[in-house]
Structure formats: C-alpha cells, structure tokens
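Sharing a structure with you now.
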Amino acid sequence: MLTSARNHFAGKVTRIKPGAVNDEVELELSGGTRIVAIVTRQSVEHLGLSEHDDAIALIKASHVIVAVDNGPMKLSARNQLAGTISRIVPGAVNTEVVIDLAGGNSVAAIITNASAEELQLTQGSAATAIFKASSVILAVAG
Amino acid sequence: MLTSARNHFAGKVTRIKPGAVNDEVELELSGGTRIVAIVTRQSVEHLGLSEHDDAIALIKASHVIVAVDNGPMKLSARNQLAGTISRIVPGAVNTEVVIDLAGGNSVAAIITNASAEELQLTQGSAATAIFKASSVILAVAG
Amino acid sequence: MLTSARNHFAGKVTRIKPGAVNDEVELELSGGTRIVAIVTRQSVEHLGLSEHDDAIALIKASHVIVAVDNGPMKLSARNQLAGTISRIVPGAVNTEVVIDLAGGNSVAAIITNASAEELQLTQGSAATAIFKASSVILAVAG
C-alpha cells in the first residue's frame, strides 16, 4: 500500500503504553529521533504491534505545524522535530514547507500563506516541525 | 446546522466502547460500511448517543489520506474505505481527490500535489480513503 | 517559539480531567469562551499544567470546520465558537475563512472551495468555527 501521507518515517517500536480506548506507541527512527503516536487499542492489536517491531509512522502534511524559535515556550504536542527549511512552495492560500532533519529524514508541512509570512520563513533557516501524537498513523508491512 | 466538512455519512450507532476521557463509537452506514469515531465521553453524553441511534459522521477532506494498493501493508487508521477515483482537481499546492464508494457514498480528500503525482492517481482507478477515528466528528439531529 | 498555527487563544486552565493516556484540559479565554483540549497525560506533566495556570490553545486552520445555522443539529466536537465572517480568501482548491468572535478573538479556517460554495458563505454573515478537542495543542510560556 502506497499512501498520500507526505511524511513517513521507518522505525522500531520502543514503548507501548496501554489505555482503555487509546494506546500510546513510541517509535525510534534510525537517527535516534522518537515519534509518539496515539492509536486505538484495537489498532495496536490488529497490527500485532509489540516492542522492538519495525513500524512506519505516517503523518499528513496538513497536520504539521511549523515553529521558529522566538523565546521560551513549551507545547503539549509530543512530536517536535528540529531541522532546517529546505523548500518553500507558495500557493494561493496555502504554502508547503519542507524541513530537513538530522539523519536524512525530512518533514513536509502545509501552512497558510498568512502564517508563512508572519513567521518570515526562508530556505536555510532553522525551524521545528510539530505534530500531535494523535495525528500519527502507524503502519506495518503486512 | 450545515457544516463545511466535505464528508458526511449517515448511519446507525452499532457500538459504544467507553474510556475515561474518550469513547469509541462505531457507526454502520446503509451500505454496510462501518466508521469508527473517537469522541470525548462528555460528547457522547451531550449527544445522548446510544446503540441503534441514528447519527452522522463528519470528516474534513484535509484529514483523509489516499492510498493505492502496492503490496501488503497494514495501517493503524481505523477507517479505510475502498473505492474508485471519480474526480481529481489540482491546485497550486493541494489536489482534491474524490473517491466513490460502494453504496453510493463518496469521500473527498485534500492531498499535496507531490503526493498526487507520486501515487500517479487517475480517474477510474482504485483507491482507498483512510482516516483516523480521532478525525471523525459525530452529529445527531437535535 | 512562534508557530504557524493560525489560531492561538490565551486563557486560564479551569479543569483537568485525567485519563490513562489522554487528559482533557479546559481553558477559559478572557471573553469567557471555553476551549477544550485533549492532550497526552505526559504532555500535561511536561508542561506542568495545573488549574488556574495561564496557557495558550493552538489550532491549525485546516482543523477548523465552518458551520452555518440550518436547523437543529448537535455535534460531538467540543469546541464550537459562534461569530461573524470577516474575511473569505478563495484559492484554487481551498478557501480561507476568518470568523470574528465576541471578545476580540478571531478564528481562521481552511475549507474546500466546494464547501464554501455549498454553504454560501458571505462576509458579515453568522458562522460557527468547530474543532475537535483532539485538534488543540496547548502551550505555556517556558
């Protein structure tokens, strides 16, 4: 299966924290980056996920927020991947921003033009890709 | 109330699985398709939802991922609706894809142009609309 | 930290309802509006959030649904902010809609052009911005 989710990261399951309805699953990518996903308990069972298993994290570009450092602020979003902006593609309403991460991965984000202008994003500048654990879909080779 | 959520599916509640904060609600559409929603427990109470009740599932097009079959892969996303692509509308950054489902329903997805090209989507070809249970909003006639 | 999330609302934490994996956090804005967020329990601990603390709610414009009143319908979405449309910016695929709220806040939504046309949105008309508690990211000054 090939999906339209712009962001997919291969890793290994390092932790599964069970809940009544939702489980929290942590994935470690090859570069050491950790991604946290919230998926239903039934999905974890359906995928047969256990610790040390290979898995893929999928995140839609429209679920990714771009942040630039501007003084201290802490966010509840579990996934905050720092990198460098490698591409900016403006549209009529939305702008696509690609952030290269250490370890060879990159993250695409779709943000509004107004936000892109407000943040004064430029190629080569530092930025952080932020997404909630609930925005992550997990996949395993079936 | 009329909403901008492009996708709305009328069905009947077939199961409610309670959690501490979130409940999992399953809806069966007329064609037999099942949709799973994660909503807060308080919302289930506010809507007065019980099994066998009529309800509507709303999903924003920007929350829908499009997948094409390309070998075995299992996804954690609880909602995976297979169908046929009936419409592709490209924009500057995003493309709108409409997938017709069996039973007369259709699902709209907004994906990036880069993804649309990578998946080589064409009208008439098979595709699956994928969205997380947490992307579904439930509605009832008040 | 400055983020691309178009919508940010400063408020005070009025309630934290703990779950096994996710907590539900309620924020009251200065105008009295309440916003509900679902974030992981670990995030609440990481942010050190307690009742009466100052916090900011961030919501991406692409997670906001626009609704117009058209007879009774109840939605599961916990956040439903009524206001007046102040701006409509159409693109090739998506339209940006800004809704001014009582108390000086405003909410931006990105919806498909098809939805904008179907809802017949016009500047100055009443509309409601709707988003799920799971779409909200919380922030605190670090």
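Chains: A, B and C, in written order; residue numbering restarts at 1 for each.
Simple rule for what comes next: a contact is a pair of C-beta atoms (placed from the backbone, for glycine too) under 8 Å apart; a residue touches a chain by one contact, two chains touch by 3 or more.
These figures come from a predicted structure and were not determined experimentally.
Comparing the contact residues of chain A and chain B by number shows a mostly separate set, under half of all numbers used being common to the two copies.
Note on chain B versus chain C: their Cα superposition corresponds to a rotation of 120 degrees, in steps of 5.
Centre-to-centre separation of chain A and chain B, using mean CA positions: 21 Å.
Residue positions 19-20, 22, 38, 62, 91-92, 94, 110, 134 of chain C are each in touch with at least two other chains.
For chain A in complex with chain B, the residues that touch the partner chain are 1-6, 19-22, 37-40, 42-44, 46-47, 56, 58, 60-62, 89-92, 94-96, 108, 110, 134-135, 137-142. For chain C in complex with chain B, the residues that touch the partner chain are 17-20, 22-24, 36, 38, 62-63, 65-78, 91-94, 97, 109-112, 114-116, 118-119, 128, 130, 132-134.
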